[in-house]
Structures are given as C-alpha cells and as structure tokens.
Amino acid sequence: MKGNLGEKLQSLPKPILYLILILATSIPLFFPTEVPNEPVESTKDFYATLMALPEGSKVLLMSDWTGSTRGESKGAFRSIFKILIRRKAKVAIYSAADPQAPRVAQDAINELNMERKRKNLPTFDRWNDWVNIGYFPNAEAAINGIANDLKGAFGGRKDFPPNSPPRDVFQSPVLQGVTKVEDFPLMLVITASKTSNFAVERVSGRTPLAFAVTGVMVPETQVFYQSKQIVGYCGGLKGVYDLEQLMESGVNFPDKATAKIKSDKLGTIEGFPDPDNKGQGTRYYPTLHYALALMIIMIILGNVGMFLAKRGDKS
Amino acid sequence: MRITAGVIATIGLYSVLWKENKFYRFFEHVFLGLAAGWTMVALWTETLKANWWDKMVGTPAETGAAATNGMFAYALLIPFGLMGYFVFSKKHNWISRIPIGIILGLWSGQQVQVWWNTYGPQIDATLKPILPTTWDSLIVPSTNGLTPEQLSQVQSQIYFSQAVNNFLFTLTVVSVLSYFLFSFEVKSKAVKGINTMGRYLLMIGFGAIFGSTVMMRFTLLIDRMHFIWIEWLRDGVFPMISGR
Amino acid sequence: MIPLLQAQAPATSFWSEAFNSSELWTKLIITLIVGLVVMVGLLYAPIRARKPIVAFFTFISGAYWVLLYLWPKPIDRQPGEMPLNTVETVSFWLADSNNVVVSFTQILTGFLLGLGIFSLLKIHLTKISKGHKDAFFSIVLLASMGLMIWFGYADWFDRLGERGAMLDNRDNWGFTQYGRDFLFEGLLQQMDAAMFSVIAFYILSAAYRAFRVRSVEATILLSAALLVLLSLMGAVSFVWDENVKAIANGNPFILNFQLTEVAQWIRNTFQTSSIRGIQFGVGLGALAMGLRLWLSLEKPGSGS
Amino acid sequence: MMPLSEVYIGEQYRDSGWFGVFMTLLVAAFVLVNIRRARGGKDLYIRRIAGLNAIDEAIGRATEMGKPVLMVPGLSDTINAIAVQAVNIFAYVSRIAARFANPILLCCYNAAVYTYAQETIRDVYQSEGVADRYDPDSVRFVSDRQFAFAAGVSGLILREQTAATFFLGEFYAESLIFAETANSIGAIQVASSTETTQTPFFIAACDYVLIGDEFYAASAYLTRQPVLVGSLVGQDWSKLMIILMIVFGTILNTFEIQGKTTSERTKGVWSQIPERNKKQSDTFMSQLFKPQLEKVKVERPIDPNYVPEAEAAK
C-alpha cells in the first residue's frame, strides 16, 4: 500500500493542485492580519535616498510597468509617490518599455489625487508637480538618447497644462532649467522589464539611480546594488511591504533605542505614522505566506512520495 | 460592467488550466485581436507620429513652444521600410535583408559601445580582498552602541568571515565562468573539479533565483484574486444586490 | 538640431526647412522619388552584387555607434559653443546626430510591423474563406482588432485638441472614451494581468514535479530555493530570527544564523556571483555576434 | 583652463578611461584573429554540449509521430543578435524537418524577426530543393504584446499537439507558460533564455536546457562553420582573460588593502588626509576601472545665431 500512497503523493492531478492554490490565495484576503517583518538593507537604502531629497527637488522617473504587473508595481508606485509628494518633489515621468505605461502611470496618479481630494489634501497636479513626457519606443536606444542628450530626446514632447492645449514639456515648472540628465539629483526606475539594465548601462555614474523592481528582477538588481551602480532598490511585494513599514516608522526614529526599525549604517530618518501608509503591501503580504507555505508543503509531499514509492518498490 | 467583463475574461483564460476549450479559445482570440489592434494604434500615436512624422515635417509654433523645422531626409526611411515587403517575392526576397541589415548594424554597433559600461564595473566589483586586514575577531563584531568613529573603524576593516565570503564569491564567479569555456579540452582533474563545482554553485544561484521569483508570481495571482473577490464580488456585486 | 528646438524662429539650412514651407515639401517629395528609384534599381542588381549591398548598409549603420564610441568626445561642451578644430567638428556632429540615429531602429521596425499584421490577416482570412472549423474564432479576432483600432484612433483624435486635458476627468467622457476604456482597461489590461498570473499555477506544478531529491544538482537547487522561500515569509523569518537572537544574546557569531542573514548570504555570495559569471559569458557572446553581424562575416541563416 | 593638446584626447580617454576602450578592442581582436585562424583551415576543438545533441533526437521523435515542431525565437523588441542566433539554430532544425517533410511552426513576437525568419527558412527549403514543401504560414507573426503572444502560442501548442518544442532566445516571465503547456502534452523541449533569471524555470520544466552562452555556442557546435568556431574560441580567450584579470586583481587588492594610507585621490586630484585604513577605492585596480576626471574648462567661441532657452521661453 505504501507504494500506492507514494505514487499518489508523487502525482497529484494538476487541477487539484490549482484548486488548492486558488483557495490558499483567496480566503486569507478576507481576513487582513498584521505580519511582523524586518525591512531588508536595499529597501532601507531606497527609502533613505528618497527621504534625503531636498524639498522641491526634480526627479526623473522611468515608469515601465503596466496592468500585467499591477500586483507588485502599482503598490511600489503608490508608496513612492506618497513619499515624493511629502518631499514636495517635482517628477518628470517617461516610459521606455511599453506604450501603455504612460497611461497606466497617469491613471495611478489620478487615483492617488482622488483619494487626496476626499481627505481635502492638496492634489499632486499634472504639469505643475509632474509632467508626462510619454513613451519612447526601443528602450535601449531611447535611454541612450536621454542619457547623452536629454534636451534632444525630450524636445518636441508635449503635455497638458491645466485645461489648456498641450505645450512643450520644457515649459513646465518640472523641467525648468533642466538640460541634461545630471540636472536631476535622482533617477527613479519603476520597472517590470529589463529597461533597468539599460538605465544602468547608460545613466549610472551620471546621476544616482534607485529602482523599484518586481520580485523576479531582485536577483539581477542585487548585482547592480552590490557593485554600487544603484543606490538602493525596492524589490517585489516584500519591498513594497518594507517600504510601507518604513514610511510608518522611519529608521532609528524617533531614536535608535526605541526605534521599531534600526540600522547601523543609516542615521535617523523620520517616518510619518499615518493609516494611509498601509497599501497593497500590507493587504497582500499576509496572503503570500499561505501561498509560499503551500508551495513548500507541496515540494516536501512530492519528495516524501518519492521515497515511499522507492521503499514500496524494494519491498 | 467593465470590471465584470474583466472578471469573465480572467476566468476564461484560467479555464485553460483545466483543458484547452472553446471558452479559452474565444478569449485567446479576443486577446490576440485587441493586442494587434492596440499595436496598430500605438504604432502611429506612440512611435511614428512623434519620432518620424513630426521630425520630418516639423511642428508649428505654439504658446511657449517654438516652431521646429522639418527634416525631409527622414522620407528616405519609407523606401527602406518598403524593401522589407519584398520578403514574399520569390525572386527579390533578398532585398528584405537591407532594412534588417540596417537594424542589425545599429544594434551591433551599440554592443561595442555598451559592453564595457555594463561589465567593467561588475569585473571591478568582483575584485574583493580575500585576506582579513585584522584578526581582532573572526567575524564582524556587533556594532550596537558604537560611536561613529568606532563604527567607521569597524567598517573599514575586513574580518575573517568577510574574507571567506569574498573568497567564495570570487571562486563562484571564476568557476562558473570556466564552466562556460567550450574550446579547451579539459584533461587535468583539478580543472574538471572546478567546472563541476562551477555547475553546483550555479545551481545554488538558480535555486535562490527561483525562490525570489516565486514571490512575484504568487503576488500577481493574489492581485487577481483580490480583483475577483474583493473589488468585484464584495465591493461591486454585493452592494448592487443588497441595494435592490 | 538641438539649437533648432530652442530658437524662437529656427534658422533653416539645406537639411531642415521651415514647417509647411513649399521648399520642405518639394525636397521631401524629391527625396521620396529618389529613394523609390533606388529601390526599383535594386531589382536589377546582379546576383553577386547582392551580398555586398546588404553588407554595405549593415556596416555603415553599425559604424556610426563604433565611431561615436572611439572618436574623441568633446571635453566640457556647453550649449551654443562652436567646435575648436576638425576633430571636434566631427565629435559635435556625432553627438548631435545621436537622437536622429537612435530613432531609426524603431521607425524601421514600425514600418515592418505591416508585414506582421499582413501575416496575421492572411492566416485568419484564409481560415474564414476556407470555412475552417475555427473560422468563428478568426472572425472574433478580426472583429476585436477592428474595434480596438477604431476606438483607439477615435479617442486619440479627441485628445489632440483643446478637450484633451478635460478628458482626464471621467465626467467629460463620450461614447468613444467609454468604448476605448472598456476595450483597453476593461479587457486588454485585465487579460494581461490574468495571463501573467497563470504562471503562479504553473510554477507550483513545475516545482512540485521537478524539485525532487534525485541528483546532487537537483538537491542543491531545491534546498537553496526552500531557504529563500522561507526567508521571504516575513513571519517565519521574524520568529526564527527572534529565537536566534535569544539564543545568541549578543554573540555576533550565532546572530549570523538568522534566516534573513542566511538568505541574504546565499544571495550575495552565490546568486549574485553565479549570475555575474553567466552574464560575462553572455555579454561576450553578444559582443562577438555583434561583430560578426556588423562585418557580415556570418552567412545569414548559418544553420546550414 | 587646460592645455589645448588635451582637447584632442577626448573625454572617454582621459585618466584611465582608455582602459575600457582598450579592453573592448582587445576582445574584438581576439574574436577576429581566431576567425582568421579558423578560416585558415586550423581545426579548433569544441567540447560536447549535452543540450545540443538533444536537438536531433527531438526532431527525430517529432518525425516518428508526424506531429509539428514548434519554434519560438524569443521576445526581442526588435531584431538583434539573440533573435538572429535563435533563427539560425532554427534554420538547422527546419533543414532536418524539411528532409523528413516534417511540419514546422515558427512563432514570431516581432515583425522584424518575422521578416528575417520568413526569409531564412524559405532559403533553407530552397537550398534543400524542396521549396514546394515550404508553407509561408508555418512562419507566422502571432502578436507583439507579451501575454497575448503567450496566450496565442500556448493555444497553438495545445491545438496542434506539437511533439517537439524549441524555445531559444530572449524569454521573460512567459517562459514557464510555454514550458509547462508543452510539458502537459508531453512534448520534448529544448530551451534556453539569455535572461539568467528565467533559466531555473526552464531547468524545472524542460528536458534539455542551454545555460548562459551555450546558446551562443550552439550554432558553432551544430554547424562547425569556421567563422562561428573561430569566434567561439575568441570568446573563450576573452573569458580566460577576464578570469586572469579577476584572479590577479583579487590578489593585488588583497595585499594592497592591508595597511593604512594618508593620501587619497578623488576627481583625479591627490589630497592629504588623516591616516586611515585603506579602502577598496584606494586600490590600483579600482582606480584603473573608475576613471576620475578632473573638472576642466575649455573656452570655445559661441555660435552667433544661438539663442539661450531663457530667451526662447519668452
């Protein structure tokens, strides 16, 4: 009988696997829970970099995510903008990965603004606080162009000032006095594709780079982070969750002894306790545990099955 | 309405997990159609308009923005593009190689340009010291409650454990790299050993990659589930029903 | 071309004429005709001339980037400055033409897209005309394609004019916008997300099937993966780490056995390095292949 | 103000900037020299690559079953070396398929790649003298949106019940969709992604996987064309060079970093500092890899009809 049991464990029909997975990823969503967590270094550096921006500084943001990765990228995008808005930053957004990306980014910001309106907070206005420079096909070449000759690359691109026809983006407050990529104290890349590599190839060394990448890209991004080609990154859902926690409690804040999140490398970086910090990360992260647990159990089951089967064959 | 459509489409595509069926086939073709349509739109609105047409014919002056001149030479790209269409001609299909050749030429030229930018810094970052600079302690001492000076002192040292890690790191890079040497006949046991080790170390790396990737994949599934159960069912459908 | 973008009334030159001027259009049309003539001329190219012609175009286009890389770049160049000497004249020119050259690839690829669409139409129209059993689906495909094109362009034209900015606000939307929104956000985007998330199922079944303790390699792969998986579960690693901290009570050596530390250690020490090892090889491969293509050393389709 | 003579040097050669250029040229030289050698009739050795012997086996299997062979040359945005390399391997595959009159299916993600593949595969059939067997629709453009493409191809796999599938080239997330779908109908799979992060999934789901630049070695291995073999040897020389550089550099750094320093070089200028332990950035190697450019001013005449944007904005 052992053999049979082994065989069974080894070869559960796929539909059953899939059904279990659906359950594991659905049910926990209805029961939000708080998960203890320690942010990873790279995310701390990422947060530190954002918080170190002087108020009102100009940031170049390459937004290369679309609906297909909204699960991860949208969370990162929202958190990053919540921070940028607090830093009163001015953001120039462009995309190089996907023609849809500019629209998706735009919609995400509009969504944020609607929420802020409801709370009667000042909105983050198009043209005055951020411009949408649009999509540049052929990422590799486009990023090269932007790195070598920003004026030329963005030249002739238009965006909408408040209820008036489109105008040249360089007229907007965001790009006032910007002529080259070095004029931005920071370049952010929120991407789900290898456009981050191109950014490293062309931009690193000209201006600091910070990435928000999807979980699958964490390994390759770690390479750049180690060789100090980028100052920090926020990887996958864990990164988003870390970021949300950092926003909530800062680093070594209010002081190192009592701080919830400590770091020897970084000084004190303030946080902004605010229920609004909790976003996708906080919503999805608990559920992720069940999914991962399921995965581990399945792998173990498979192996147990294999051994039982072997034993079965012998006897 | 919009969300409902999204949910149905999602379920339609999921149904392939059970088996290839008409429902899936329907949405597959809708998907392909929409995608193709979208590409046709984006082709002009996102690519050719700004990058080709406006540059070729120029743009008029507008509030704040100066007029730009047209550069007629861009028109030359039309015939080059057209050459691609000879691919279906039995006799002249070779002509389609010209536009391809141009694109490949541009690509290749860029490789020469970016190779060192990409790999130079990585080679540099691989050159890590593999002997400790201090023997005060074998591992990095805990840094809690140190003054900044002491801290920087500690950080500027290389401890035994770090040295070992650096050694492992370099070893991995080298052995993996040597595993990919194709044209050297490996006779000596030592080298063979290094290669197999390279392969094993590679597997550790792959395992780690797999782990980190799983997170993302599940996250996206969770997002879908959130979309179906919370956004659609709980916040969309229930209120509607209970409303009536 | 950069100064042109900045100047109020751009100076015209042989290469650039004022917007909508008759000179521009004449030159444009002449260029077009010349180009087409050349193309027709190619039809009569002798067979042994074919290879060189292709090779020539390939080499020229690659040469630009190589030159840009090797030719002395100007030092501390400020906008509006004029070159000091011939070397700089060239380098200035190279730098300025960057954005023009960059766009070639995408424009040409754009023109070629027609071929792809043609292939698509051909396959599905034949299916329909032959009354293939899947003809219905082909019709579905073509229909949704048509709809997307129609709404896509209609919406785009609406946004060109004064109303463009207003359309950010749903209240001012018309039928076109809702139609486009339904197709794009409602279907396309959602299907993208759906298809992407299907991978989660496959990853589970793949791991379940393949991650067995069969060989040394498989075992290594499996255990590394498991460790990282565990470390990603914030809760697990948190609890584990707390316990380790408790045991260690300050002993830095034992502290290294915190799950997060171990996972990070694997990442930094083995994952990063093995990726780097592979990437060095791949990078060299790409560079070598680039050279072969640029110099047309390789027979096309050299699978022969 | 710097001496005019230096203006000729060029930004990229200043300080140790020349080193990168030099290395690039060196690699190029290695490749070209070896191509010469190989062309000169020198036969060069290539070790066995397991994944590649599987190709023939896979096609053979497909022929037995009389089911089509599916090939996907990756998801390159436009045609590049990766796509070309993939199509070249597929040319080899379809040559065998053509001989056995085995149906093939080549799904392209990008119109430019489609053009190239269409051209190449037709050539193969013509050179095999079976042009009549070639069906232009067997090389098709599916979609250039990642997941539409994924949906389309897996639909094809399931409907056509392909017996052998080749996924070679640039693959991203969709890699597992293809691999698992093909696996579910028990097709033999040979796969490779130049994206290192996708390789584990192919390893988990496919029968044979080409890792890293085994992919680039493939065409040389299969066809033994002098040019390709030579270039492969050139790549190996370059790899060897990198290995040596790493070993040498590591040892050098290790000994250099021992001890303390009282001066450091930043932005190309030496400055005295209070004594401190040596850092990685003080080492010879890191100075060599990271050119440190002194800020210099070069006086140039101003173009008379240039309008600064400040005025242009008015």
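Every chain is named by a letter (A, B, C and D) in the order it is written, and numbering of its residues begins at 1.
Methods note: a residue touches a chain if its C-beta (ideal position, glycine included) is under 8 Å from a C-beta of that chain, and two chains touch if they have at least 3 such contacts.
What you see is a predicted model, and the numbers here were worked out from it, not measured in a lab.
Student: Where the contacts of subunit A and subunit B overlap, which chains show up?
Tutor: C, D
Student: Give me the ID of the chain with the smallest distance between its Cα centroid and the all-protein Cα centroid.
Tutor: Per-chain C-alpha centroids ranked by distance to the global centroid put B first.
Student: Name the chain whose C-alpha centroid is farthest from the C-alpha centroid of subunit A.
Tutor: D
Student: How many angstrom between the C-alpha centroids of subunit D and subunit B?
Tutor: One centre to the other, that is 13 Å.
Student: Measuring from the mean C-alpha position of subunit C to the mean C-alpha position of subunit D, what distance in angstrom results?
Tutor: That gives a centre separation of 15 Å.
Student: Between subunit A and subunit D, tell me the centre distance in angstrom, where each centre is the average of that chain's C-alpha atoms.
Tutor: Measuring from centre to centre gives 27 Å for this pair.
Student: Cα centroid separation between subunit B and subunit C, in whole Å?
Tutor: 9
Student: Can you list the residues of subunit A that touch 2 or more other chains?
Tutor: Answer for subunit A, listing residues that touch two or more other chains: 14, 18, 21, 25, 68-71, 100, 137-138, 140-141, 144, 155-156, 164-165, 171, 179, 216, 219-220, 223, 226, 238, 288, 291-292, 295.
Student: Going by the contact rule already set, what residues in subunit D reach two or more other chains?
Tutor: In subunit D, 21, 24, 27-28, 77-79, 81, 84, 112, 115, 118-119, 142, 144-148, 151, 173, 196-197, 199-201, 203-204, 211-213, 217, 232, 239, 242, 309, 312-313 touch at least two other chains.
Student: So which bits of subunit C are touching at least two other chains?
Tutor: Only 1, 5-8, 69, 79, 103, 105-106, 108-110, 112-115, 117, 120, 184-185, 188-193, 195-201, 203, 205, 207, 209, 211, 221-222, 226, 229, 232, 267-268, 271-272, 275-276, 278-281, 286-287, 289-291, 293, 300 qualify.
Student: Among line, ring, star, complete and other, which one matches the pattern of chain touches?
Tutor: Per interface graph, the chains form a complete graph.
Student: Quick check: in the complex, which residue numbers of subunit C touch subunit D?
Tutor: Going by the criterion above, the answer is residues 3, 6-8, 11, 69-85, 87-88, 91, 105-106, 108-109, 112-117, 119-120, 122-123, 126, 191-192, 195-196, 198-199, 202-203, 205-207, 209-211, 221, 275, 278-282, 284-293, 297-304.
Student: Residue numbers of subunit D touching subunit C in their complex, please.
Tutor: Checking each residue of subunit D against subunit C gives 2, 4, 6-14, 21, 24, 27-28, 31-32, 35, 77-79, 81-82, 84-85, 87-95, 108, 110-112, 114-115, 118-121, 123-124, 127, 137, 140-142, 144-148, 150-151, 173-174, 176-177, 179-181, 183, 194, 196-197, 199-201, 203-205, 211-213, 215-217, 219, 222-223, 225, 227-228, 231-232, 234-235, 238-239, 242, 295-298, 300-303, 305-309, 311-312, 314.
Student: Quick one: in the complex, what on subunit A touches subunit C?
Tutor: So the residues of subunit A touching subunit C come out as 12, 14, 17-18, 21, 25, 35-38, 40-41, 66-71, 100, 104, 106-107, 110, 126, 137-138, 141-142, 144-145, 148-149, 151-153, 155-156, 160-166, 179, 219-220, 222-223, 226, 238, 241, 285, 288-289, 291-296, 298-299, 301-303, 306.
Student: Considering only the defined contacts, which subunit C positions touch subunit A in the complex?
Tutor: 1-2, 5-6, 79, 95-96, 98-99, 102-103, 105-106, 109-110, 161-162, 164-166, 168, 184-185, 188-190, 192-193, 195-197, 200-201, 203-205, 207-209, 211-213, 222, 226, 229-230, 232-239, 241, 260, 264, 267-268, 271-272, 275-276, 279
Student: Report the residues of subunit B in contact with subunit A in the complex, numbered from low to high.
Tutor: 17-18, 38, 42, 45-47, 50-51, 54-55, 59, 62-66, 68, 106, 110, 114, 117-118, 121-122, 124-125, 143-144, 146, 151, 205, 208-209, 212-226, 228-230, 234
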